[in-house]
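Just below is one structure, and these are the notes that go with it.
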Amino acid sequence: MHQALEDIKVQVIAAWHNLHAQNPLVQCITNQVASNYAANVLLACGASPAMIDNPFEAESFTKISQALSINLGTPTSEQMQAMQISARTAQQHQIPWVLDPVGYSAILPWRRDMTHELLQYMPSVIRGNASEISTLAGQHSENKGVDSTLNSKEVYQYAKTLLTHSSCIAISGSSDFILAHDLKGVIQVNGGSALQTKVTASGCALGALIAAYCAVAPISIATIAAHVHFAIAGHLAAQQYQTIGSFNVAFLDHLHHMNSEKIEQYIDIQYV
Amino acid sequence: MHQALEDIKVQVIAAWHNLHAQNPLVQCITNQVASNYAANVLLACGASPAMIDNPFEAESFTKISQALSINLGTPTSEQMQAMQISARTAQQHQIPWVLDPVGYSAILPWRRDMTHELLQYMPSVIRGNASEISTLAGQHSENKGVDSTLNSKEVYQYAKTLLTHSSCIAISGSSDFILAHDLKGVIQVNGGSALQTKVTASGCALGALIAAYCAVAPISIATIAAHVHFAIAGHLAAQQYQTIGSFNVAFLDHLHHMNSEKIEQYIDIQYV
Amino acid sequence: MHQALEDIKVQVIAAWHNLHAQNPLVQCITNQVASNYAANVLLACGASPAMIDNPFEAESFTKISQALSINLGTPTSEQMQAMQISARTAQQHQIPWVLDPVGYSAILPWRRDMTHELLQYMPSVIRGNASEISTLAGQHSENKGVDSTLNSKEVYQYAKTLLTHSSCIAISGSSDFILAHDLKGVIQVNGGSALQTKVTASGCALGALIAAYCAVAPISIATIAAHVHFAIAGHLAAQQYQTIGSFNVAFLDHLHHMNSEKIEQYIDIQYV
């Protein structure tokens, strides 16, 4: 293993330890499909989630949060207001925040326009599937609703242009790709299971977990750590179950019972 | 088995194959209780759900969807607007759509009035429990909140009048009853488990699944196929577990691991 | 066991029987994280939940409900209107209702002000974690988002002042504490598992279950019964599983398969 990768591995394990030791408060403004699941994922991984998403409390709550996750899955007008207030507050108070532009496409103009507004508040991380990131990077692509029609591998080279808006870009897929100025190259995270795409809001919960890690580690390490945490839990759960009801229960179990030995044993990252 | 029933069985199996092969995009405007569960049910069964429910994106999204599911469980003002826009768009573009008038009753006037407005857009299928369908058909009945106080068996003969509003009417219960102009009579679907009524949003998820099947099969076959898919998974799950936590996990597993052999073996339909 | 405690035990078992026999309709105005989970918990325990939370149907629906649960977790403007209407209607029609002031604190002024407005409608029960109840009782405390930073044991003596607003106060924690005018002292409910705090919306679902029991038993007994039901199910689930995915499935199973023998065997209550 390239020394830099060894460094990253050590830092990922440290991030995992920090997450449990510090139990950071993470504000999530997320969609109705994801809210319960994302909260359980954060609790399983050691963070303290709070789904405060109204515009009347957004500013004061973001100020006391250690990280913020904004997800555009099923927005309401009130949530859209809260997103702007919280993103602005996060930027002003240097609170790390993650933008997940679910369904970003010409077909969904309301969230597309909101995504552009939110970009001015400089998200710490932009994460999405291949279709979303590709479209956001100005490439022509087609989404199928909120699911991707592209492979993450085909897209990561276009994502570089998005680093003007954010310190880190993450593209999830059968392998995940992570770009950041402070990385020597594009990091590829392997592992996980195709069954994860069969559990709704799995990507949304990953976005929230990235935010949680950002509260306790440098942005690029935090983003890698969240993807590694998910990939290992997905891998271990898929070894036990191939049907999505049982798989999902086991996935939460493995997210919960992660430890440094498992990370060391199963982490599978490389430079592209 | 009556030949026509044999035909239906063959078409139900074909519908199941089509659902997996075509992975249709299904827009769901549903309630807060059902959204996560309905999305997981659709993913388990092979469809691609998207819970786009705001009025600002409803029209453009319905246009690209293969089917639409509208559920009146816990509406908001914005969702109510989206429902009208999407139903109208679906009718204009001949996209099949399912109406689930949850809690339809005099006690809940807002959704009652909206249901009447939505009926003008000619839903492909109206589905509900016995109380809802009976009340909608002009019979006096009492709901207990969103649960039925009637048996599906007592109600199906009244449902015929609703065929002026929709090509297909489905009443769920211990047995399900399905009426359509292109069926020789009322189809009764047996199977399932009483435990399904103990899992919240199970009927709502069934409505979404009917919509998914409507994207890949004729309306009446699609409606039967969705009920059969649910009944078999419920039956198999109840053979394993009698408590609702474990039952529900197994139910999702069996929805996911359906196949043509199981359908052939367990399908239990008859003309009344 | 002190005779009075024996009396309470008998009444708790009777309340459990009544809940199953009467299957009361419980209106829940709750948060997006809790809605599915709270509905499943009520179904598992024998009640009939309905999450009617819009201001246009709130009054007529509360009138036909046997109990009402109001939870301030992730309010919207429409839900806030519905809360006021339903609380007022409940008071007018002597329908028992439970207030769960999630996140009550100076940091979240919108819900703090709404909580004060709702208090004028005299909730039958106010329940919350130690931070919420302590702050509501005028003690200085700090919340960590929606999680408590205090122990329930440190707080119960302050909660007495809240009995001017409600007949019963319940503080959940590693042990739960329940205060009511018709109890000889503060009741402490032991049992449960620390894993319950790792399942999101577990406290919210408990609030809904208290409301359900209030439909079939005297307020203070109902509140104790709900806590005992949760504590036993949590205890039994934790004996089987230590990871939160599996724990939560088992928790629902044990909520569902409660019976009078288990209550008799595992109930652990005492006067402080």
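Residue numbering begins at 1 within each chain, and the chains themselves are lettered A, B and C in the order written.
The working rule: a residue touches a chain if its C-beta (ideal position, glycine included) is under 8 Å from a C-beta of that chain, and two chains touch if they have at least 3 such contacts.
Computed from a predicted model, the values in this text were never measured in an experiment.
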Cα superposition angle of subunit A on its copy subunit C, in degrees to the nearest 5: 120
Copies subunit A and subunit B touch via same or different residues, half shared test: different
Length of the line joining the C-alpha centres of subunit A and subunit B, rounded to whole Å: 33
In subunit A, residues with contacts to at least two other chains: 32, 36, 76, 248-249
Contacting residues of subunit A [partner subunit C, same complex]: 25, 27, 32, 35-36, 39-40, 43-44, 48-54, 56-57, 60-61, 64-65, 76, 78, 248-254, 256-257
Subunit A residues touching subunit B - in the complex, by the definition given at the top: 31-34, 36-37, 73-77, 103, 107-111, 144-147, 198-201, 241-246, 248-249
